[in-house]
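I have placed the structure first, in the form of structure tokens, so that the comments after it can refer back to it.
Chains here go by letter, A, B, C and D, matching the order in which they are written, and residues are numbered from 1 within each.
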Amino acid sequence: MDFQHNERTQQLIKKVKKFIDEKIRPFETQYFKEIHKRNNGHDWTKWSVSSEIENLKQQAKAEGLWNLFLPDTEHGQGLSALEYAPLAEEMGKSFLAPEIFNCNAPDTGNMEVLHKYGTAEQKAQWLTPLLNGEIRSAFCMTEPDVASSDATNMQATAIIEGDEIVINGTKWWSSGIGHPNCKVIIFMGLSDANANRHSQHSMVLVPVDTKGVTIERMLPVFGEYDEPYGHGEVSFTNVRVPIANLILGKGRGFEIAQGRLGPGRIHHCMRCIGAAEYVLKLLIERSISRVAFGKPIINLGGNRERIADFRIAIDQARLLTFFAAWKLDTLGALGAMTEISAIKVVAPNVLQQVCDEAIQIHGGAGVSHDFPFTGFFSIARCIRIADGPDAVHRGLITRMELLKYPNVGK
Amino acid sequence: MDFQHNERTQQLIKKVKKFIDEKIRPFETQYFKEIHKRNNGHDWTKWSVSSEIENLKQQAKAEGLWNLFLPDTEHGQGLSALEYAPLAEEMGKSFLAPEIFNCNAPDTGNMEVLHKYGTAEQKAQWLTPLLNGEIRSAFCMTEPDVASSDATNMQATAIIEGDEIVINGTKWWSSGIGHPNCKVIIFMGLSDANANRHSQHSMVLVPVDTKGVTIERMLPVFGEYDEPYGHGEVSFTNVRVPIANLILGKGRGFEIAQGRLGPGRIHHCMRCIGAAEYVLKLLIERSISRVAFGKPIINLGGNRERIADFRIAIDQARLLTFFAAWKLDTLGALGAMTEISAIKVVAPNVLQQVCDEAIQIHGGAGVSHDFPFTGFFSIARCIRIADGPDAVHRGLITRMELLKYPNVGK
Amino acid sequence: MDFQHNERTQQLIKKVKKFIDEKIRPFETQYFKEIHKRNNGHDWTKWSVSSEIENLKQQAKAEGLWNLFLPDTEHGQGLSALEYAPLAEEMGKSFLAPEIFNCNAPDTGNMEVLHKYGTAEQKAQWLTPLLNGEIRSAFCMTEPDVASSDATNMQATAIIEGDEIVINGTKWWSSGIGHPNCKVIIFMGLSDANANRHSQHSMVLVPVDTKGVTIERMLPVFGEYDEPYGHGEVSFTNVRVPIANLILGKGRGFEIAQGRLGPGRIHHCMRCIGAAEYVLKLLIERSISRVAFGKPIINLGGNRERIADFRIAIDQARLLTFFAAWKLDTLGALGAMTEISAIKVVAPNVLQQVCDEAIQIHGGAGVSHDFPFTGFFSIARCIRIADGPDAVHRGLITRMELLKYPNVGK
Amino acid sequence: MDFQHNERTQQLIKKVKKFIDEKIRPFETQYFKEIHKRNNGHDWTKWSVSSEIENLKQQAKAEGLWNLFLPDTEHGQGLSALEYAPLAEEMGKSFLAPEIFNCNAPDTGNMEVLHKYGTAEQKAQWLTPLLNGEIRSAFCMTEPDVASSDATNMQATAIIEGDEIVINGTKWWSSGIGHPNCKVIIFMGLSDANANRHSQHSMVLVPVDTKGVTIERMLPVFGEYDEPYGHGEVSFTNVRVPIANLILGKGRGFEIAQGRLGPGRIHHCMRCIGAAEYVLKLLIERSISRVAFGKPIINLGGNRERIADFRIAIDQARLLTFFAAWKLDTLGALGAMTEISAIKVVAPNVLQQVCDEAIQIHGGAGVSHDFPFTGFFSIARCIRIADGPDAVHRGLITRMELLKYPNVGK
């Protein structure tokens, strides 16, 4: 057992950190100020991409800080989940960093899917420009009319008719679909209601500009629209794409989804942990600097205890996520199920709580745009729902636990 | 001891409930949909007042559901804090109800101040139109540059020079200042830095259109600008008002503030409790209606237990707030200090937690504008900071508790 | 609505308080020291009754502080549940007070049962000496071999054979059965397994010295045997009692149990609240008196916040229990179901938490017999299990809550 | 980074596990039943050592499962803290295992002290028989009259007079002093009140049978006396030992204590984690096996969620403790301060909570001696106080955290 990252990872951590501190951080405060001033809100037709972001992406690519998430050695950097985890943590400290290093969800998951399951044509058409950061993508799974925490509830259809797939239904929480560069959707829908429960759904590539695809609206998260990414509600009306757009095969949607979710959850959680560290840093700085009732705020009431509790909670969440990544690397997604579900519960909750307390310490400033707390809070709040809500993951952990007791109660 | 509201209060509860259910609720969903669509955000110069709201206000006034908060029998309805409390609970279930019944903060507190401490001229000029619902008002106390949880930190000045008061400084979180009808500010500032700690500050009436008063910006709360009320940052640059605008006397700001805060906190808390009941209702309806893994969501995991815990928490918060109101009515603000601080900690926290869980039960829909949860969450989140953050109230409760042990440790 | 106890109740509170402070408290510290020194532990055959306790009982009776729990005006004092509640709170501050005022469980519940449902003969034989404090009693319901949280699981039998009832089976957690004066058991058992679910069980009076009744052992609670009351495991082997010992009628056990439990739970909860107040008092006194790192302990870390949280929690628990008592008095046991279950969850949990923190503040002394914390902790811990565990009460609260939504999900 | 234990450790885990399962577990249930039956309680003069325990110790020694805690390769097995940690976890699942493997506190800490700081004579006289398991030892630090959470409060004296040390004062919570084989005390006391704060105290070896040493009483923990170890209150009246009994030098008590506490806390925490695993196992088995309301208990209310939360909490605690051990091994006690304090807060709290829930699931059986829950609960409860209460460790964590902000607020 050894808790030290290997040499290469240590070097990458330093480089990512330095890039964020020196290049991204100074830019992003101003950037968000302008976005808020522009006040485009839900009107995504006015959203644009900052040229400085494209510029920073080029720099990141030049420094080799590019597609770090992809385990593949040819297109990515050959990093294991455990090696990439601390880099994701660093990226989580900034809202922009994930895009700038081309490690942004849902593009990362989509790239993994294409890399792992895509045909040569699919890869040429979509994976290459995604890996180059030239286009973005969306993932359409969640639906407004059913409890999507149970993914088998999905009702939107992807029916194979001859050499075409016909798509109908409404999806929402399609993150990133508002981005001007978003060109392709991975759509998951019902293709055979009579197959067994986990073989009914298929994944299909749908270009955003296909006839019948309509972005109905952008959805706010606590009032924010997350420009220029956005979370869209998208209707599909008799959308037709060639059967060549089917990924892996009919009814294999869940199989793909499983492979996609393990690494994605580790990325999300590590970013939450990074964000929690950053928010804790701001919390501490403020609580040392501001004075009330004759003392720095940090010395009032239980504030010092809360800081200790956050230090403990963050460190525990990080170790558990590293452990999950290590199990994923060594035992595969199935062998890491308990741990991946565990971090999915733990990490966003820790971030949410640190944000809540940072708001409390900052007073009114904390709920405004003057600080990043409501932004990080919203990320945490959404992750607690997305990719399976807390309750589903708790349920899965117990199900796994009970496998250790095959004969009890029989 | 008797837990039944008196006959009059029971009748008023029914009338307020009916008015909200039949007149306000059907209107407000559409109303907020339009506000969000208009997307004015921080650009408060475009904010307007809906004629339907003015219409509803007239109806409320006609039905005698007007200024219920004011204990005075002449201008209000002569209700005690305990009699008004359950009405405030009902109003808390709707975002618009408080304004429509002319029971909206900070106007309520400002009216109480003017009613209790205002001169005849001050009353004629400001109290009458406020009581009529013709104008609105703001309260300027919190400042961006100091920890305002300790109100003695206030640095903005209100210096008496001859027969004028000269005002300088910056205030923020001046709620309601964005409302097109907001005409007057009650400003609290330092008038004598050499007086004893609680006699340094004065309260002054400042018409919003006075020269030198500038609304610098509206502040978002979790990305929302609370149109058409808003929370403003306001600068005061050599603002001059006649000395007749001074309330009660130089250095008596804290004295006024104390009298103002007791009832106000009870109103806030009862509205939180009402909101929590309403959110719990939506949570339960959704959890019964949606199905996942073959069961209504309510029957999954710990959902039923959480509902029980919310029922307990809400009922306890309500009883404690009634008790605080009863103590305020029978013993005055000083005699109710422990209880008022206690509810100030409890009630918004209960609301925040119910909202958080309602979001979890609703999935993505919960964080969007399709449901009122983020709106109520933001109210709860702000109340935990405003009028003294949780930590200050906990500190006060313990200070009061220790008065029971005068000789221990001596 | 009025939060003041009536005059008579106020007077009784004062008298009970004074009696405890002046007569019981000075005695009980020494009393328990001797019990611990005697070290009889599980060997209940050596348990005895202190003559001083009998003496104190006579004094209490003489002062009219006797059978206060019984609503009946002839045999009790005619106090409503709400009037008795604050007296139970005072009694809860002392381990001995409940017995000395003849208000000790399970005798109180047993007396209520006999008073309400007993025949003239049953009353003459058992109720009169119980009301006089001459004998004690036990209640045998819980069984070792089934999950007794679901009372319908009870397997021990009480079969009517001609003019006798034949009893077989094992019960445990029969509290008070170790007391030298314990003379009678109310036994609840299965008398007709084919009746409907809540009509299968009957209650029967069984003299402790009946042939076939064997106290197998006393059960420890966290290592303590609660001398001279005790919690027994009792076996019944072909125990025969005359049919005249049947209470109310065959199959009416649950009907009786329901009537018995409402008031009993309120008594338990109020005693928990009294104990929590007393423990908080000791906690505060210690935290003011002891110094560490140059400060009184109270000023370290989050200690002051915790005291505030306890003040809030205790006050909320008390109000909720008063409310439950008021509903019981005005609407009966069915109308108070939600509230009685709510306090059953809340009150012992508050006591447990206050004890846990008092231990923490007292260090090693806190877990020893030098302070009463482990004693009160054990009471709280048992009440969380007895008369329905927390989970059962939470379940019931939600079931009641859902009655408000008869049409949702249909 | 690698989460796999090395080969040797894996082998040792298996051997320890097997030894406990096959040899200790079958014995210990009966053993404790007899101890409880004997009912010696506080009367330690009747305590004896089971010959079977001596027998098991010989077997453990023969199998090389002996003194595993000692990093030294000559007298111990040369295991690092990280290698020993999982073995301590296994031992924590049994009350007897630590003694049987000669890895019992406070002997382990005392052996470390002697090994590290003892003179050749001290080692010959005390370390050798301790390493052989022939004698036991105690550690006298905590005092009844001061807040011992601040160790500098210690008032008992160890004054050097010529070639003797004169010891006076009272200590308590001297664990293990009741053991028939306990022959020596490491006493820590004030030797120079004028030295600087951390150089006032010295450690001295005091044979238990020295004149003036009196065991005043054994202290109960939640009513249990922990026979045959015990927790004693010990008075020292003009106790004289030769100056050769001084460890390391005058005023170096804190220096020794620091070196002693790091590994000791890791052992305690790992044992807590092992105990928590074992208790969770019993909890799950019971909740699968017992039925209420027609379902296995595990499927009622939030029980499944709680199991998931415990799985998460235990895994996080284990990883954090391994991390602390790794930092201790690689950076020394100073470099591991934050982590050691963190686990000291986390691990016993997790154990306490699992025990509390196991009690809830087992009903009355849970608080009795029929299950080990109150025993493990008491261990957890004491560890939260011993070696620094939670509040002190939280304070230390924050102090360490603030070292990262040397310039803020300056």
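Rule of thumb we're sticking to: a residue touches a chain if its C-beta (ideal position, glycine included) is under 8 Å from a C-beta of that chain, and two chains touch if they have at least 3 such contacts.
All values derive from a computational prediction rather than experimental measurement.
Asker: Using the touch definition up top, find the fewest steps from chain B to chain D.
Answerer: Tracing touching chains, the least step count from chain B to chain D comes to 1.
Asker: Using the average of all C-alpha atoms in each chain as its centre, how far is it in Å between chain A and chain B?
Answerer: Chain centroid spacing, chain A to chain B, equals 37 Å.
Asker: In whole angstrom, how far does the Cα centroid of chain B sit from the Cα centroid of chain C?
Answerer: Chain centres of chain B and chain C, defined by C-alpha means, are spaced 43 Å apart.
Asker: How big is the gap, in whole Å, between where the Cα atoms of chain A centre and where those of chain C centre?
Answerer: 53
Asker: Please output the residue numbers of chain B that touch at least 2 other chains, ranges allowed.
Answerer: If we look for residues of chain B contacting two or more partner chains, we find 301-302, 304-305, 391, 394-395.
Asker: Does the chain-touch network form a line, ring, star, complete graph or other?
Answerer: complete
Asker: Give every residue of chain B touching chain A within the complex, in rising order.
Answerer: 36-37, 39, 41-43, 142, 144, 146-150, 153, 172-173, 219-224, 231, 290-293, 297, 300-303, 356, 359-360, 363-369, 374, 377-378, 381-382, 384-386, 389-391, 394-395
Asker: So in the complex, the part of chain A that touches chain C is made up of which residues?
Answerer: Residues of chain A touching chain C: 301-302, 304-306.
Asker: State the interface residues of chain C toward chain B in the complex, per the touch definition above.
Answerer: Counting only chain C, the residues touching chain B are 1-6, 9, 82, 284-285, 288-289, 296, 298, 304-305, 307-309, 311-312, 315-317, 319-320, 322-323, 326-327, 338-339, 342, 345-346, 391, 393-395, 397-398, 401-402, 405, 408-409.
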